[in-house]
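See the structures that follow.
Next come two complexes built around chain A: one with chain B, the other with chain C.
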Partner chain A sequence: MSSPATRGSGRTGWSPGFLVKLVLIALVDALGVYAVLAAWSADSWGVLAAMVALLLVANWAYFTKRALPLKYILPGLAFLLVYQVYVVAYTGYVAFTNYGDGHNSTKEQAIEALLVQNERRVEGSPSSPLTVVSDGGALGFAVVSPDGEVRAGTAERPLEPVPDAVVDGGQVTALPGYDVLEYAAVLERQQEVTDLRVPVSDDPADGSIRTQDARTGYVFTSTLTYDPASDTMTDTTTGVTYEPNDDGQFEAADGTILPVGWRVLVGFDNFVTAFGDDRYAGPFVQILLWTFAFAVISVASTFLLGLFLAIAFNDVRLRGRRVYRTLVILPYAIPGFLAALLWSGLLNRSYGFVNEVLLGGAQIPWLTDPVLAKLAVLGVNLWLGFPYMFLICTGALQSLPTDVLEAAKIDGAGRWRTWRSITLPLLLVATAPLLISSFAFNFNNFTLIYMLTGGGPRFDDASVPLGHTDILISMVYSVSGLDGTAAKDYGLASALSIVIFVVVATISALAFRRTRSLEEIA
Partner chain B sequence: MRRSILTAAALTATLALAACSGGAEEPAGEESAAPNGEGSTLTVWVDETRQAAVEDAAAGFEESTGAEVEVVLKNFEDIRPDFLAQVPTGQGPDITVGAHDWLGELTTNGVVAPIELGDTAAAFEPVSVQAFTQDEQVYGLPYAVENIALIRNTELAPEAPATWDDAIAAGEEAGTEYPLLIQTSTEGDPYTFYPLQMSFGAPVFEQNADGTYAPELALGGEGGTAFAEWLAEQGEAGTLSTDVTYDIAVAAFAAGESPFIVGGPWMLEQFADLDLSIDPIPSAGGEPAQPFVGVAGFYVSAQSENALLANDFLVNHMATPEAQLALYEAGDRPPALIEAADTASEDPITAGFRAVGADAVPMPSLPEMGAVWAYWGVTEAAIVSGQSDPAEAWEKMVADIQGEIG
Partner chain C sequence: MSTVSPARRPLPRGRWFSEIGWRHLVGVLAVLYAGFPLVYVVSASLADVGTLTGSNDLFGTVSGANYAALGGTRFWTWMGNTLVVAVATGAGTVLMGAAAAYAFSRFRFSGRRVGLTALLIIQMFPQMLAFVAIFLLLISLGNVVPVLGLDSKLSLICVYLGGALGVNTFLMYGFFNTVPREIDEAAKIDGASHAQIYWTIVLRLTAPILAVVGLLSFISTFGEFIIARVLLQSEENWTLAVGLYGWVSSLQEANWGLFTAGAVVSAVPVLALFLFLQKYIVGGLTAGSVKG
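For the complex of A and B:
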């Protein structure tokens, strides 16, 4: 007994087990190093650091003798970090930024985009056949004017006529004082070529030649210039200067803003917007109440129906139990989003199967009347959800200890009494955590709402695109513009998601605490 | 950022699952790291319908330049959000297909670069270049123009109707189940209803002299109210119904249950065995019923490291009649290049859509347009179904949109 304990699990010697471990760890390391290199070449420093840390921990954990528990939980821990902790932390971070339309990227990219968007082709200027040339090291352009004259220049030297150039089919093939670049060489330096501006003359107002395809050049002037020293943008036509503001945009003294901005931290602004916009105040309360009602009723109704069927099919006197059980599982086998979509068709007012066939052509507005739509959502969710509850209740019922039930019978308890005092509490011990998870799931049951009603019918009295069957998560989806009905605002969406996370986490924590009292019975 | 989360997830998954997974997935981001030179790679995002046509054009491009073109197939709905999310991380494509009404969002987020069409601009249908123009800069290479029109089953209705009432009368005379089909649904369909709204003189935004839009709402006023009241009347008369969805309308027309349907070239596949004629949409309010024109085109990423190749590919290889006709064969929409459109117009159906499109107005590409869609359709649907008072609901809608735009 004592020798394994002192040896721990760190196998030594060249036993088969150790060899297997060595091979597996070598595989992990190989892939890890590959991933590190990939992250390196993609400049993803965060991923790189995380990979290195994980690799070091993995190697240490599987070769040391002192980390037996870690050997078992490390893979799970790694998944938890990546899929849960990182996602929540990143959402939390985005909630404090203004990431969204108009603030989509970094400041460098915003500046670049603004400069590019504000270059104008000089009106009436010709498009000239262009050849990329080099003057020793510096790149330059040679353009052929409409009258056949060839002019060349570089970024430093404005265009000047070059005599004795050889022109073939509009393209310059030889130029004294310059080397003509082959297409492949141009491609190698395409970033430089597209960035190159060759001034037309000494006067910057005349504009400069640029090209986008290395075949044709145009004269452009810039209406915006950026000064890195003072970090300001200047409009050259009006002379107005724009300075970066706290919202991640360039703003002039009179408050006008340049369209492209960048991502910055905005503190609690998103949370203030989430609760401060009075257009949302009324609908928010209604939606919050409905979300709770929807989640609670869905859990209760599916659980009760599932439990009832489980008890009924658990009775040995019932014939063909297997057939029934199989049939009951069927709704569970259809993907939820598909079922919701099917139901939205079945419930169509004029052409749906329910009205047309089952109700003999009645025109019942299942999905467009506020009350009926809510009932429809609950009904469809009941249809979708009860097989799951049926499954877990069947399992729990079959594992109930028979001796306790017998003891109750001997003590003279009736059926109802036995069920209420013995069966149900024991059942709840097994199913309570699943009920809590079911609540959390339904609280965020976006698929059902989105596919069945799309949140409709709309509130008549509200000025926002929200409806009677919207729950919090589908509200987040439309409020933050992810459905395309408003400007996208990932910051606001994240802030609202964090709020939902807190609500669900609190309720789950409280509920789990309550279930402990159930366990005392068992 | 999304990509880097995915990468992180994929990498960690490979790490943890290394023991059981033989072949690890290729992590993303390799193409940008590859050395330039002969092996320059141009990445193009396309959706299913244009894949083959773009691949054909790419083959010619590869031959003449030696550069490689990687055509990546994506869902059309995913392209816009993925492009917006991935371009800033440097992981996006060099070129993507897209619709012109994305333009406002793409430029506000700084993810597209302008394209200088130069003298080729004159070779395109003016409306197509105009649609991709913002602030005097062109941001896309157009390849197809699409718009709706009145599709007529010539067996049931031999003549094109001049007005809406004529159409309804002709439809009733035909004795079919529906006098006229127009998709509505409970969410409304403002895109399909727009020509009718235009016939009451109520455009969605003010239009500048050059055809671009200014972000000032114009759908209120007398014209808007008149249109709303007309919707209510038609809803009551049963000629418009929120129960008619796209699928129901198309199926009914294909089954010969109506002589007319308002729709676009994307429906034609289902009507293959009908004898069709394409007519202008009949006016309901007296003024011309101009539909929206949507222009499909190619955008160049603002962060492309192959900008030169990308522009060369678009301006010199996709703006050719062959490439545009190949795209036309694949998608049935009239080409944007006039020469190609002339060839395609040998087909009377395409010519019909093109003729209607010539008088149409471009769909606004302003970022403010998103807010309009959210309220527009449901309000129309509520008026048609008789749930709301037309004038009041329309007025509230205009106020709500104004509140959203700010």
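For the complex of A and C:
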């Protein structure tokens, strides 16, 4: 039953342990309050709520006497909740949205971006003398209006009047709160200066100030206007009206779409794309099959080789078996990414050690032929994986009960019969859970694939960045666009992650159930 | 195969081969298979040419040029980053995992069974599958506290620590259960608080499993690629996996000597640690196969 509550660590008052706790909690609270304030000023309400909740729970857990187990679980739990449970749940949410390039933000941000992107200089608009200033690191403009008032702002802060500015011949020479940039400094950052836009006011419809020569500023306003009442976007030059559609974009009656959209829930669209869209469905099925083949063959081949070696070295009469064992497990101690990169060089078509030295100059395209690349991936994974299997098989062989083996011998069973009917089943019971986790590991063995072949050789269909040795997880990576080679599609990538999770979880669950029945037999 | 059989009665030659000799044959072949890439990488790192083309002549030339050239790159920065991240993650994983395992092993509280089952399910969803969501989460965290956002080693450590409970709690939980509760109870009667029992008794008795978990966490963090690649954007924050991948993928020809030298330098600490702690690792791996 639960440990007596009276034994909380605060029990003796100001003991050293209590002081340590007090200092640690104070530190956590200080950092937490800082984060809460920062979230407040950044308008991140979700982060703010999570931080407040975590702080309250932490303070309660460590000062009440009724939450003893929680004191021990909380540190790990906090990280688990934020960086695993939340991100998994968020993956599930993103899978049902069209989050990605062109749909990166909320609707308000998309409207603002559209207004900004379509800014044109207003014909005949007045020009005003302008000075380039800087506020800390951020560039800004100071403009002098016809009545002599000086207003200044940066890309983030709209123009506002600055009193006490010194104006000399239309140019601002000193400005409280800002540094006036020298001509040379302006030249140095010319591109930044011509790209800079300083909003006239908080309302995007008022436009912004821009400059070409860093001396004269013009007002630019957007050719689009947004009407919040009807929720439509109108192009003032053509008069076309755009209405929001279900995909999170503004669409005109003739079907033209404005380039910036926002993210919306799209239901099962991403899953439909994965299984049904011509560009993805074909590669997806091929990749799914190859992923299974890769994971199953990897587990089987490494297990068989490891087992064979474990048996070969499992004889006390074998001299030097410690040396053999140590040398054979060396590949296991090499970080996987180093091994994969190393093998990509060894298997290089023209200069690799395998072709050039072992095969006498044969130019075999190990990594660029669809079939050979798959063989190469399996072969390299065999090299990487068999020492692990060797280790666990050695452990399992040594822990086999000797009395059962003796009984079999007495009953007249031969070597082969003993092996098949007793040793192997017992061995499988002991190693099955590890074989399952090895399957799950290889199912997601991103590092090997990405570093050895990069998923290549590419499929003939060039519209998707996928190849013959891609497995599901590397497909997710390519589709997500985070490597910069394709358009970003977080929605589709998350949907594929969910599919992988369902596959792995189902197989693990089934396999664990089967191993339990194996165990009962044994 | 001129080795003399170590058995007390010498076996006839034919029987010797069928019982022991073939094992030597297998052993030699296995050692060649396991070892030749390693011999190659050492040889290539010592060659005085830095290209893939010139590295095939095993130990044809021996020079330290490639190792010296590492000094002109960011290699040592990456090495430092990797060690910082891997050591911090390893230590954090041990502290958090052990504390949780202690709670699950020693206290009976409501939600205990549910908690254990939940951990089992959560660990089936590998964190690397959620890298898109992690990326998006860190963008929003970075808007609030930049040091927890993208391109920060601290936030990479935090992400790795998010997986600390899922993977290791069971391994430790099983081991903690093997430490007799009577010891705790005796200490409690002597007036020790639960914190004293935990820090001075339980953690010492479970030191072997703590070492294994810490080491496995260190090694897997050392080689983790996908999350590090997504998170760390500026070159001076990269880890070895991200940096060395860049060398090989961009200009394999030209950077081969650098890569092999870097590979040897970065593999040596892991290899040494591994060989040194081999016994415990093997014990830890087989302990993991016994379900709690």
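Definition applied: the second predicted complex is superposed on the first by the 316 of 522 C-alpha atoms of A that agree within 3 Å, B and C clash if a C-alpha of one lies under 4 Å from a C-alpha of the other, contacts with A are read in each partner's own complex, and residues count from 1 in each chain.
As a convention for this text, a residue touches a chain if its C-beta (ideal position, glycine included) is under 8 Å from a C-beta of that chain, and two chains touch if they have at least 3 such contacts.
In this text, all values refer to a predicted model and were calculated from it rather than measured experimentally.
Asks: Counting only touches as set out at the top, which of chain B and chain C does A:Tyr86 meet: first, second, both, neither?
Replies: both
Asks: Considering only touches as defined above, state whether A:Ser44 meets chain B (first), chain C (second), both or neither.
Replies: both
Asks: Just chain B (first), just chain C (second), both, or neither: which does A:Ala362 touch?
Replies: Neither: A:Ala362 stays clear of chain B and chain C.
Asks: For A:Ala113, using the defined touch cut-off, is the partner it touches chain B, chain C, both, or neither? Pick first, second, both or neither.
Replies: A:Ala113 contacts chain B only, not chain C.
Asks: Tell me which partner A:Ser463 touches in the superposition: chain B (first), chain C (second), both or neither.
Replies: In the superposition, A:Ser463 touches chain B alone.
Asks: Is A:Pro335 in contact with chain B, with chain C, with both, or with neither (first, second, both, neither)?
Replies: Touch status of A:Pro335: second partner only.
Asks: Is A:Val28 touching the first partner chain B, the second partner chain C, both, or neither of them?
Replies: In the superposition, A:Val28 contacts chain B only.
Asks: With both structures superposed, pick whichever of chain B and chain C touches the larger number of chain A residues.
Replies: It is C that touches the greater number of chain A residues.
Asks: Between chain B (first) and chain C (second), which, if any, makes contact with A:Ser399: first, second, both or neither?
Replies: Second partner only.
Asks: Now for A:Tyr351: first (chain B), second (chain C), both, or neither, which partner does it touch?
Replies: So A:Tyr351 meets both chain B and chain C here.
Asks: Would you tell me the residues on chain A in contact with chain B in one complex that are also in contact with chain C in the other?
Replies: 34-35, 38-39, 42, 44, 46-47, 75, 79, 82-83, 86-87, 90, 348, 351, 454
Asks: List the residues on chain A that touch chain B in their complex, please.
Replies: 24, 27-28, 30-32, 34-35, 38-39, 41-44, 46-47, 50-51, 54-55, 58, 75, 78-79, 82-83, 86-87, 90, 101-102, 104-106, 109-110, 112-114, 116-117, 119-121, 127, 183-184, 186-188, 190-191, 193-194, 211-216, 218, 259-260, 279, 348-351, 367-368, 454, 456-458, 460, 463-465, 478, 481, 484-488
Asks: With touch defined as at the start, can you tell me which chain C residues reach chain A in the complex?
Replies: 3, 5-7, 19-20, 22-24, 26-27, 30-31, 33-35, 37-38, 40-41, 51-53, 55-56, 95-97, 99-100, 102-104, 106-109, 112, 115, 121-122, 124-137, 140-141, 143-145, 158-159, 161-166, 169, 188, 193-196, 198, 219, 222-223, 225-226, 229-230, 241, 244-245, 248-249, 252-253, 256, 259-260, 263, 266-267, 270-271, 274-275, 278, 281-282, 285-286, 288-291
Asks: Quick one: which bits of chain B touch chain A in the complex? Just the residue numbers, please.
Replies: Listed in rising order, the residues are 1, 4-5, 7-9, 11-16, 18-19, 24, 27-30, 32-33, 36-38, 40, 65-67, 84, 87-88, 90-91, 105, 107-111, 113-116, 118-119, 135-137, 186-187, 241-243, 245, 248, 302-303, 305-309, 311-312, 315-316, 367, 370-371, 373-375, 378, 382, 385, 387-388, 396, 399-400, 403-404.
Asks: Per the contact definition, I'd like the list of chain A residues that touch chain C in the complex.
Replies: 1-3, 7, 9, 11, 17, 34-35, 38-39, 42, 44, 46-47, 68-73, 75-77, 79-80, 82-88, 90-91, 94, 99, 308-309, 312-313, 315, 317-321, 324, 326-339, 341-346, 348, 351-353, 356-357, 383, 387-388, 391-392, 394-396, 399, 430-431, 433-434, 440, 444, 446-447, 450-451, 454, 473, 476-477, 480, 482-483, 490, 493-494, 497, 500-501, 504-505, 508
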